[in-house]
Amino acid sequence: MSDLAVESTDERVKNVSLISRLMKRPELGALAGLALVTIFFAFTADPKMFSLAGFLNFMTPASQLGILAIGAALLMIGGEFDLSVGSMVAFTGLIFGAAMVTFELPLYAAIIVTFMVAAAMGAVNGQIVIRTGLPSFIVTLAFLFILRGLSLVGLKAATGGSTQLRGVREKVEGSWIADFFSGEAFTPLFYWLAENGLVDTFKSGKPKVDGIPVEIIWFTLLAGVATWILLRSRFGSWIFASGGDSSAASNSGVPVRRVKMYLFMFTACCAALVAILTVMDAGSTDARRGFQKEFEAIIAAVIGGSLLTGGYGSAIGAFFGSIIFGMVLIGLSYTNIDQDWYLVFLGSMLLLAVLFNNMIRKRVTGER
Amino acid sequence: MSDLAVESTDERVKNVSLISRLMKRPELGALAGLALVTIFFAFTADPKMFSLAGFLNFMTPASQLGILAIGAALLMIGGEFDLSVGSMVAFTGLIFGAAMVTFELPLYAAIIVTFMVAAAMGAVNGQIVIRTGLPSFIVTLAFLFILRGLSLVGLKAATGGSTQLRGVREKVEGSWIADFFSGEAFTPLFYWLAENGLVDTFKSGKPKVDGIPVEIIWFTLLAGVATWILLRSRFGSWIFASGGDSSAASNSGVPVRRVKMYLFMFTACCAALVAILTVMDAGSTDARRGFQKEFEAIIAAVIGGSLLTGGYGSAIGAFFGSIIFGMVLIGLSYTNIDQDWYLVFLGSMLLLAVLFNNMIRKRVTGER
Amino acid sequence: MSTPIVEMKNIEKHFGSVIALAGVSFSVMPGEVHCLLGDNGAGKSTFIKTMSGVHKPSTGEIFVDGKKQAFDSPRDAMNAGIATVHQDLAMIPLMSITRNFWLGHEPTKNFGPLKYYDLKKANAVTMEEMAKMGIRLREPDQAVGTLSGGERQTVAIARAVYFGAKVLILDEPTSALGVRQTSNVLATMDKVRKKGVGVVFISHNVRHAMAVGDRFTVLNRGKTLGTAKKGEITAEELQDLMAGGQELASLEASLGGTV
Amino acid sequence: MSTPIVEMKNIEKHFGSVIALAGVSFSVMPGEVHCLLGDNGAGKSTFIKTMSGVHKPSTGEIFVDGKKQAFDSPRDAMNAGIATVHQDLAMIPLMSITRNFWLGHEPTKNFGPLKYYDLKKANAVTMEEMAKMGIRLREPDQAVGTLSGGERQTVAIARAVYFGAKVLILDEPTSALGVRQTSNVLATMDKVRKKGVGVVFISHNVRHAMAVGDRFTVLNRGKTLGTAKKGEITAEELQDLMAGGQELASLEASLGGTV
Amino acid sequence: TDIIVVSHGQANDPFWSVVKNGVDKAAKDSGVNVSYRAPETFDMVAMSQLIDAAIVQEPDGIVVSIPDGDALGPSITKAVEAGIPVISMNSGSNVAAKLGALLHVGQGEFDAGKAAGAKLAKMGGDTGICVNHEVGNVALDQRCEGFAAGFGGNVTVVPTGNDPAEVEAKIKAALESNEDIDTIMALGASLVGEPAVAAVEAVGLSGSVNIATFDLSPGFLKAVSEGKAAFAVDQQQFLQGYLPVIFLALNAEYGLIPGGNVPSGPNLITAEKASQVVELSAKGIR
């Protein structure tokens, strides 16, 4: 999938430019869509959208979505869905919040517990799908409802009647582990830059941007790791094979069930990561967190070129897909377009982005 | 698919009971789930749930959902999705409402216009999917947003600023066509039965049930017609083939593009029918009508045994699936279960229903 | 008899950077079996796919009964009387044998909105046609995906023979067949030819080709090596051409001759 | 040499109402080519699928090196040294040739979390093994779904030969192959046998079976008709058995003999 | 005695969970059997079906919210015709009497918006945004309209989804691309109010932008008490759940019923009151 060397002496092969060979990769197609959307906003939006502050502003929701989208993409490539991801964000948010506030666990323990619960729930999803052979759509859908419901019941139990659990920020203060999961990274650097007039500052002298939100870093790292796994590890090959044709893969000796199990667990852990990041940022959690995120994660993965039918896609594609989605979602606020047209705009931009990407890909690779 | 005769002299065939041959059909599997849910409510719910009034009460939402689910099932069997169905209900509701109230068209004309707009929008969805080869997921998703947004903009334009359009009931009054799309059928019969003490009445002497809601009749008819098309017409064979393997179907001479186009149009028209039925019943429409119905329709179709990957499923399955879903949705009202547990309950019942149905089917057919 | 039913001129077909066909010409006369032979990957399947409307040629022309024509879909080719058994068989695994057999040609009864699929007739004909090819089905309702390889191939052949009006294209039709079924298929080709149908027969088996072929065209690496009439060429020469002129691995005596 | 590598006793396999195998026994010795023959639908593929862990037998026992064993998955059978080329090839169409070739056996470099898929080596070996079988690939990155029928079959065979430790099962391996590739595969079987590997060879071609087979077992309608050693049976007798004792369609003289 | 409550808000909506807590308390206090039902999303058709299901059970009273009198009218009338006493709450003050409800407990959405707008205008605002996280929900539209009317100045509606990160980013975007904005009207405290406070802080405008919200959340109240936000409009929805149930229970037992509507709000919570309210809010009572 990566070796571009050709036996150049074969008369049965035309010479084709490097660019058209690259465009065959699913993720690079999504770049065309991203370019289109960027150009659109460059013309219509307030220039502040592309200032450093503006960039980080739309990258933050894009990153939170993107972490889920990478999980969704891997699972989709492996031939399954997880519709319970959004509810999982709420549920693991509850677990994390309750561990910190109600049970007063130290931060590191709360984080471990949260990931363990997520992995266990992912394993349950996976086991049911694998053992019964039911479509993952319907199984994880049931958990979409169940986990959402349990979050409500749990929150009310933990707070004595409210649907919002507060006070996480107070518990976290001072822990060095917290810096990995909340706030901004590289803050001293930005202060230094500000002092030297290299980045914009407020009147107070405080830099407008005082660091890179940690979710952006997590998101980028995760995209890198997932890409490495998909393209460079044997497990990656097994993911593609399991999704491409699970009985052929199993007949070739791929442990398809194990692969799918791990993917369900990974997806759930992505949801837990988003839960931890958002709960620490907001200092609270509530019963509606992550609402419909499963849906948006799948959208981002599909914009990024993953196939719903499995066996094809990429993590980098999901990375770009999430950025496209985040940009379109937030971008409208920087334009003068009447806000009532918001949904029409969102839908049209998505459609244009994928159509454009598709058109460019076909043009470049000469496929029809 | 229907001829059960066997060359009984072949020694390579075991004798198998009729029941296990029947259980192979996707729709009959869903019956097991329905039985389980019914038994559950028979034990936990107020017995009034299974009175005639209670039955019609949960059949009404089941029917409205079911009309969409039948469309969704046919489209899924044909290998595509339509995520814009819910928004289509809002959008065609707006068209219908505006035609009646703003443009003061006669009822028959408003109905024709509504179906024509729906068919046209379905055709647009279909054309984009077919021409570009993009997954229908992403294309119809764009229309989910676009149509929802247009409903909002359109409602504001039609009402001069509100998101709610009222006054349809007043315009409709007295039209005989209205009786096909709203209220109850066979009303005189039920009054006669009430006078003769054959059905329950309220204290006021009014029969508890004064007719069969028209949506139930539409739903049943549609399920019958769709089943006939799938199993008894050549178009039905083409639907299965297009969804089963579209390139093999096309290589065998099936006009796959045409089949898919018609299915998209049919699905949109199902949405329009629901829009007309509900707008006439409610007398009003608003921008959130049909919210998430696309999702519920797909759920019902999947409970009813249709495969998301296409090529397999049935309309009767979607029929039973919708009833299961409608029963679970409304059934909780008849029990003492706390509303906080509603989603947990909904998810568990869905999961149990499909697991049970799956288990029974495997047990009966001896498959593993 | 002098205008071919189908004539293909200078067909090229490129897939991205891959050149699968580099200019191939070919024709089928009524009542002849024209064998298309060649090494693996020579381009035989790609070629007959352009002939049956699956692929559009990158360049080149197609004539049907002397008139230039472009096929936009396999259905167009079918309407022009061309029936094809593709190498991958083009079957829907989840559908029954009968429904696959009749796909795209379903027999109906009544008319107007009452027109329905005549499954009774369809089942009966399917069982009968399969039996003619030497396969006794258990039931016509079995899903094609659960048939054995040869059973499935027989369905595809029986279907094409039943519906092949003017030209019948068979892409390695006997590859998965048993001896009895193979001899039935070869006999069927002979019968069909006598009715004036033109047959295109792709095979790697020289003996099969020699047994029924009237003309032989050999492809190599996307190009034609030439066309020979029956009698103008021996089995050994043909076999040499098919192997692209390269030597065969040496093996026990019994295989020394034609494989 | 007296304990078989794999021995199957009284295997039955039912699918719902269908009885595909009604009690079949079979064994493979080290260093022999055991041909499994029979009519279409006789149950050959079903039988070897129980042998390679794809299906669980409804009743019957499997012994590996004399020890009773149950395969829960194809991976179990592979770990016991059994490599199989299935009739449907078991390939992932969207994946590259190299990745398909190595699927389940990926070569890795480094260790621990740094262990990565050694694609360079994988590509080189794939190109080389394919060339040995007579297929010159354009590039190891091509998706298997876009290969020609014979090219794809060659990938499956080359893979099984490369990884086949003790037993190699080939289900109609030459059905889509050209003459040159076929002779390569037959020669390869011969070479592999000499290394002491047991080979199960399914074919409808009597000449191929006679050329390489040491023993011949014929299935008919889910039952064994018997097993013969090389030399105990003639090609004509074998062909009769394979056709299930039924007559062949009469055809031109050149096909009169073995098809 | 059986009483059924049918509302348009979900049990996991922070606002409606308080209503439900009121209902539960009333059930306990008066010893009646109450069930609370709501559709899964804002859905008038589904809600009318839930009312129909309630009627089938012939309870001693039904409590409903009426965001759309046309759509729910027939079901409510049917209940009244069947002889079941009905009280409306939250939305529907203008149609309640016409449909035969005995009385209404709630706040007028438009009026509440107007009051908040007037107060914000008085605090010096002249350019505001109204952040709507549930576009198409008529009650929320009315609030924005009321806000615009009371505020008098320049008002734009910003539609968002209900993800806090998205809401925060959108408000930042709005603030950055229009520096005149000095007022933010949020329509829900935890979903919009809290992210709005965070957004204002992040763009360095703390102190120069007034933030107000409908409804309460502990987080937002804390911001109010710390001076980061102006006020919250409380409609004391606990009462909207509690009172109708008590009234119907008494009605069933003694035939008693108050003579008119009960306005449960609006009640503006500013910095002075906020710290007292916080604890109750954290328990789901305010």
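Letters A, B, C, D and E mark the chains as written, and numbering starts fresh at 1 in each.
One rule holds in what follows: a contact is a pair of C-beta atoms (placed from the backbone, for glycine too) under 8 Å apart; a residue touches a chain by one contact, two chains touch by 3 or more.
Nothing here was measured: the structure is a model prediction, and the numbers come from that model.
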Every chain in contact with both chain A and chain C is listed here as B, D
Can you tell me the least number of steps between chain A and chain E, where a step is a move to a chain it touches?
1
What chain lies farthest away from chain D once each centre is taken as the mean of the Cα atoms?
E
Please tell me whether the contact surfaces of chain A and chain B are same or different in residue numbering, using the over-half criterion.
same
In whole angstrom, how far does the Cα centroid of chain A sit from the Cα centroid of chain D?
44
Whole-angstrom distance, CA centroid of chain D to CA centroid of chain E, is 71
Distance-wise, how many Å sit between the C-alpha centres of chain B and chain D, to the nearest whole number?
49
Any chance you could list the residues of chain C touching two or more other chains?
15, 18, 88, 138
In chain E, what residues contact two or more other chains?
11-12, 135
Considering chain B alone, which of its residues make contact with at least two other chains?
12-13, 152, 340, 342-343
With touch defined as at the top, which chains are paired up in contact here?
A-B, A-C, A-D, A-E, B-C, B-D, B-E, C-D
Hey, which residues of chain D end up touching chain A in the complex?
52, 54, 73-75, 78, 84, 86, 88-96, 99-100, 102-106, 108, 115-117, 119-120, 123, 136, 138-141
Interface with chain A, chain E side, in the complex: residues 11-14, 17, 21, 135, 156-159, 161-166, 168-170, 172-174, 176-177, 190-191, 194-195, 198, 203-204, 217-219, 281-285
Note: in the complex, chain D contacts chain C through residues 15, 18, 38-42, 44-46, 87-88, 134-135, 138, 142, 146-151, 154, 172, 175-184, 186-187, 190, 204, 206-208, 210-212, 239, 242-244, 246, 248-252, 254-255, 258-259
Contacts from chain A onto chain E in the complex sit at residues 45-46, 48-49, 53-54, 57-58, 60-61, 64, 148, 151-152, 156, 159-164, 166, 202, 204, 206, 208, 278, 282-284, 286-293, 329-331, 333-334, 339-340, 342-343
Given the complex, residues on chain A that touch chain C span 11-16, 20-21, 24, 365-368
